[in-house]
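Chain naming follows the written order as A, B and C, and within any one chain the residues start at number 1.
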Amino acid sequence: MVAGAGRSGHLVGERRSPAQVLFLGKYSPLAYMIAAWELATAAGLIPELLLPRFSDVMAAWARMMLSGELPEHALSSIWREAAGFSSSVVFGITVGIAMARFRVLRDLFEPLLRLLFPLPKSALIPILIVWLGIGHLSKIAVIFLGCILPVIVSSFNGARGVDRHLVWSALIMGTGKRKLLWRVIIPGALPDILSGTRLALAVSFVLLVGSEMLAGNTGLGFLTYFLSEAGDLAGMFAAIFTLTLLGFLADRLYLRFMRRILIWQREDQE
Amino acid sequence: MTRARRYGSVLFFLLAWEAASQLKLVPEFFLPSWVSIGQQAWVDTASGQLPMDIALSMFRALTGLSMAVLVGVPLGAAMGRVKAVRWFLDPLVSIWLPAPKVTFFPLFVIWFGFGSASKIALIFVACTFPLINMTYLGTVGIDRYLIWSARNMGTGERKILWKVVLPAALPQIFNGLQIAFPVSLIVTSVTEMLGGGGGVGASMMESARFALMPRVFVYLIVLAVVGAFSMSLMAQLRRLLLQWHEEAQAGR
Amino acid sequence: MSESRVKIRAAGVSKTYISPGGESVLAIDGVDLEVRENEFLSIVGPSGCGKSTFLYLVAGVLEVTGGELVKDGAAIRGPGPDRGLVFQHFALFPWRTVMGNVCYGLEEQGLPRPERTGRARELIQRVGLKGFENVYPNQLSGGMKQRVALARTLAYDPEVLLMDEPFGALDAQTRLLMQEELLELWSERKKTVIFITHDVREAVYLSDRVAVMTARPGRIKRIVETRAPGSSAGREHVETQEFVEKVNEIWSLVRDEVVIS
């Protein structure tokens, strides 16, 4: 799903010498980019006012890690992200599946969902700041509300899309109406739920950073903004890198989790 | 019965809102009444502010998005067809694709200033990655036999790109566009909230700062309508452009 | 045969679908049919005439909207493990391994684990899939999937086996193999089988009787005896003059309906 995941490993051929691994390995282009950056700034091709040297960024990163500044803001961001995202997942899956199962709920919620789904979720930020203040709560609420719609929609679609022949097979073999949910509907909806949730994960980070930049005085988004206004470009880059890394790690972890759960979809296992 | 419930639920939602607001169950400041929202919408439309903001935001979003299409699609196609390009871009894309690009806004402000340029640049960056990724997935998965048969019929390599590769990847490119469009709206509104300089996001944030809730809601509704409109536009465009594809799929 | 019991009786059975848009589709209209105990009965007819619909009614996953549908003298109400259903597209649970699929019905019956794995293993071996117990369905070929589906259904030992074009998605060779295996299984453990197919040769080869349905709304147009009472099933008789005549007779009945529809 991420570009080339699992494919690019075979680009250079099956047997690779250490030199090939070093110069042509999967992540070596990143190293080239960084080297070009460092050289261009060191040689003065790009003014340091616009782009700090990579080595300075690393130094700032180390300094801010040791001083505890970076970990503190990172923890604040992680907490908001985790609270908002996980509650939206739990709640969204429940509502989505309940809607698929119960006609009444579907009739009640579907028009509202249709109305709200296309809203760019960032539009919620100003309102929630006014309502809930500039602390943790408003950010968690932004993430929760921004993510819950895609999760509901994908769970609903997933549960509705379960092959009716599977449901029939289960009913024939003696599965009761209530157990059907756990035995067939949820496993059948899982691929949809998981891919919808992955989209929500990406959205959640945007909302986290946006709302942190707009209000409050903690979190990596705030730190980035604060350091840019203070003119500390190297520090700002360190904060940006940390956020990018968190986003990347979250996505990778999620992908692994998804692959593990959906092991039955893989065509090449064993 | 179903229909009654459907429209009833929306109606009930709106009425409950109005009642709570009119009866002062909830402070006007939290939930402005629909009457005051409507009045505000009228005032802002008459003054020309609302249409101006919408036009400015759409200009930014669409400029950034078009640039992203112009850059992202060729890059994605190159990634799908040329090994060296794939080798180079793959790690970059896989790291930046899930990254929250909004983080870069302060940097872009330093580079491009507070006007539209920094916003458009960020929209461009944020929309490019999904487009690269989807185009890549579309071009890399093309049926080899399709290309072989084109080659056998004497189609040149360059023509193959235009006549076989891109059309075959079109559905995926469209998927990329359908991801990128909402992204462009999100990034537009967030950068406007952050950087000011007019537009729907800026006016919304400014109104929120002064606790002008009816106005915040006017802009919220505008954004919802713009979002809904662009989504259905994309869906229709897709149906129009990809007719052959859907049919081919159904026949398989 | 006349002394054998009637297992399933349909009298004037009809089914009207209400599509989500609100319009109603009369799929079958007045189906009269008696299926005898341990009989192998095939239903053929033009596509869209309501064959699947009838089968799903017997399975109890759909409800009749008219007429009477009875098994062992009692009206059919809802699905149950006494009537196993096998689909054209297998309907295996993709998130369960071969073993998990075959065990499903036994789990629902509350059989303890050692017994159900034992029984499942036996059946998996019986359908020729030994060694594939821990493989997920998406890694199996169509023929293998249908073997798993068959094993899954045989595992809970239904009295009636309902099969909806079970070999329709398989290639010609696999199809022939599966036909023979099915006949073998059927002669090992006597069951009442209702088998739907659009392949007249397949129907004649497998069945005691073949019912031909009319174009939609489907009714039973004619029932043809295809196997002399007491004679054994087998590949030998496909060459015979009698077999070819039966195929031609049924085919011309079906063709008339296809032309109409």
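Methods note: contacts are C-beta pairs under 8 Å (C-beta built on N, C-alpha and C of every residue); 3 or more make two chains touch, one makes a residue touch a chain.
Model, not experiment: these values are computed from the prediction.
If the chains shown are joined wherever they touch, the resulting network is a simple chain of contacts running from one end to the other without closing. The pair with more inter-chain C-beta contacts, choosing from A-C and A-B, is A-B. Taking the mean of the C-alpha atoms as each chain's centre, chain B and chain C sit 50 Å apart.
The distance from the centre of chain A to the centre of chain C, each centre being the mean of the chain's C-alpha atoms, comes to 48 Å. Separation between the centroids of chain A and chain B, computed from CA atoms only, is 18 Å. Taken in their complex, chain B has these residues touching chain A: 2, 5-7, 9-10, 13, 29-30, 79, 83, 86-107, 109-111, 132-133, 136-137, 140, 182, 185-190, 193-194, 201, 204-205, 207-208, 211, 213, 216-217, 219-220, 223-224, 226-228, 230-231. Against chain C, the residues of chain A that register as touching in their complex are 163, 165-166, 168-175, 184, 187-188, 190, 263-267, 269-270.
Within the complex, the chain A residues that touch chain B are 2-5, 7-8, 11-12, 24, 26-30, 33, 50, 103-104, 107-112, 115-116, 118-127, 129-131, 201-203, 205-206, 208-210, 213-214, 220-221, 224-225, 227-229, 233, 236-237, 239-240, 243-244, 247-248, 250-251. For chain C in complex with chain A, the residues that touch the partner chain are 56, 59-61, 78-81, 83-85, 87, 89, 91, 93-97, 104-105, 108-109, 134-139, 152, 156.
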